[in-house]
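Following are the structures in question.
Paired with subunit B in one complex and with subunit C in the other, subunit A is shared by the two complexes that follow.
Up next is the complex of A and B:
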């Protein structure tokens, strides 16, 4: 305890704080980038997975395989897989790219299950009505199904992203300069582990708590009947 | 030649045969009512006609042309000539009334936006909802939603309008506002096939009543004949049950 108090002024030097802030920014940036791209790719996966017809069977199987496999592999293993396979496609990939690709692969698999659940929550009759009016599959999905599925999709997807902020600590294993990696560094420089990792724990909390509140706000707002939400007349086609 | 000609149509849900050889003619401007116990296949006939359920065998002709329901293009073409109104209205919950009515005519049929919007307002005024153009479905009563659904179907300018138990999900006091709209359409000569349990209404608007049971047509003729003097035992039993009270 004495040691911690003695180290505290030196630990909280401007240099260290900037370092930690940058590392926190890096953690947020790669989580946000990975999850956002993953969110979009997840839509593609779900859409392809629901392609009707016999000729599309391989496509459907590939999508199912992707989702089932990557949801069942530890995230750390995905990181190593990406680390060692990415040079085959992309030379000199930065650690940031590797981290984002890993997060993206994992997030796509997870979020696609969330999206599929959301889409299945929309009554089948909505799709039938659209079909009898000659809306195509993509049009029905974009105009009718997704707008109604979003309130079901967004809250758990945001919750996934927020909880993933902490799981990204694993990319420190490959030397990515994110929060946990900086912590290890400072620890190696002789600062008390309790002090360093206590601070880092606090920073993780500071990042995810407000986002979590935002997620809860979204959930409430989206749960309100459509007529009571702010009208977005601009989007009328 | 009848405008719509259905011959020996067989349809299945999985291994369960729901239509076992249904034949039916509808002339231009005619109102045909499909009646019968639940599970007799009335609604299924409409679902087959709009291509929601592919028939296993049999033929459907519209305006003399055979329709191949295995062809996506022909299904699209047939859906351009028919519109269906569902028991549960099925309005798009994420769109206001105007957009529900104008979406398909503008975005799918590529008709002129102004012209469609003018038509939509006229149709909605006609069904008594001129004040609700920008309401969302969850702000409307069942009867209002169903009237919007009828306006939405009419905005497609169908040759044949299919009405699938359109009052069955409504509270009793809301039934008449919907029936009034249909009565008007019948008077104007709209070709309609309606599935209904409202026998008094069927008697009033239908030119012909088709009685179905167990996936087959068992009787067909003018309302007075079918409702008052059914020939088959099965029909007598059915009407005896529902007309008694």
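Up next is the complex of A and C:
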């Protein structure tokens, strides 16, 4: 206990604080990059998964297999697989690229399930009406289905991204300079583990909590049933 | 792309990996049931408890769900050692996962508690049920049915995402065993391909079992895919 109090002023030096802030930025950056790319790729996966016709069966099966496989493998195993596969494809890939690719693979699998749920929530009649108006499949998806599915998709997708900030702590295992790795480094420099990991946990909390509250606000705002939304607009003068 | 896969060593070590899979399954099961007990107590306290207790449960849930499980386990493993409390990696992992799962399961079960409508209780009262009968015939089945899919989903998450954290502090579960073995002969890709396959088999068994159990016990149509 005395040791922690004695180390506290030295630990909270400007150098360490800047280091931790940069590391927190790195954690946020790689989560945001991975999840955003994953979000876009998930749309592609869902679109391909719903390709009609018998000839497209292999495509559909491949999409289902991708989602089912990568949702069932731990993130740590994905990181190691990417770490040792990437050098075969790409020479001199940085750790940041490896981290983003791992996050992306995992996020794509998870978010595509969220998107599929959102798209299935759109009434069938909407698609039929679009078909009557002679819209193609891509047009129907872009202009009819997605605008209605988005309010259902966005809140859980944001919640996934926010909760993934915490799971990226595992990337420290391959030596990526993010928050957890810096924490281990400081601990190895002789700072008390209680102090270091307490601070790191607090920094994660500072990133995750406000975003979580924002996600809950989004959910309340967007996912209200259509009837309630109309009533709310009517009541306003 | 000039990598030759050599799965020979992996097949030789398959027994060790299977042992690791067993440890993973046991850890997942224990952490889930421990977490479920905490979750049940937490949800009950949050629904029926006095105000300070509710605030306490809220604080527990907010802090544990907004910090990484990895850091919580580091805290138990490295942090408590400074107070002369030295627990084994397995115990720290189990304790950390249980506390972490407890927070998430409190949220899930609280949602289940809230889904019981007043009218259901009143209907039970009209039928002349005692309080205990109302709980065992109306509330408990209703809650079980409502939260079963979320619980089944969470069990898979803790079985896969949760227990693999143990590899980082040297617990010999599936991922940890693979890392230990791969550091000897550097066949990382082969070991991790097989480990990924084992995880898929493990979770598929768990999902199918949970879906069948849910259908039999609560008539829940849980999806495997």
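As a convention for this text, the second predicted complex is superposed on the first by the 222 of 237 C-alpha atoms of A that agree within 3 Å, B and C clash if a C-alpha of one lies under 4 Å from a C-alpha of the other, contacts with A are read in each partner's own complex, and residues count from 1 in each chain.
What we mean here is this: contacts are C-beta pairs under 8 Å (C-beta built on N, C-alpha and C of every residue); 3 or more make two chains touch, one makes a residue touch a chain.
Worth saying up front: this structure is predicted, and the values here are computed from it rather than measured.
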Partner chain in contact with A:143 - subunit B first, subunit C second, else both or neither: first
Touching partner for A:85 - first (subunit B), second (subunit C), both, neither: second
Contacts of A:14 with subunit B and subunit C, given as first, second, both or neither: neither
Partner chain(s) touched by A:166 [first = subunit B, second = subunit C, both, neither]: second
First, second, both or neither for A:187, with subunit B first and subunit C second: second
Superposed model, subunit A: greater residue contact from subunit B or subunit C: C
Touching both subunit C and subunit B, counted on subunit A across the two superposed complexes: none
Residue ranges of subunit A in contact with subunit C within the complex: 3-4, 64, 68-69, 72-77, 80-81, 83-85, 88-89, 166-167, 169-170, 172-173, 180, 183-184, 187, 192-194, 197-198, 200-201, 204-205, 208-209, 212
Touch list for subunit C against partner subunit A, complex: 1, 3, 62-63, 66-72, 74-75, 78-79, 81-82, 156, 160-161, 163-165, 167-168, 175, 178-179, 188-189, 192-193, 195-196, 199-200, 203-204, 225
Residues on subunit B engaged by subunit A in the complex (per definition of touch): 50-52, 76, 79-80, 83-84, 86, 88, 90-94, 99, 103-104, 106-109, 135-136, 138-139, 156
Subunit B-touching residues of subunit A, taken from the complex the two chains share: 123, 125-126, 128-135, 139, 143-144, 147-148, 225-227, 236-237
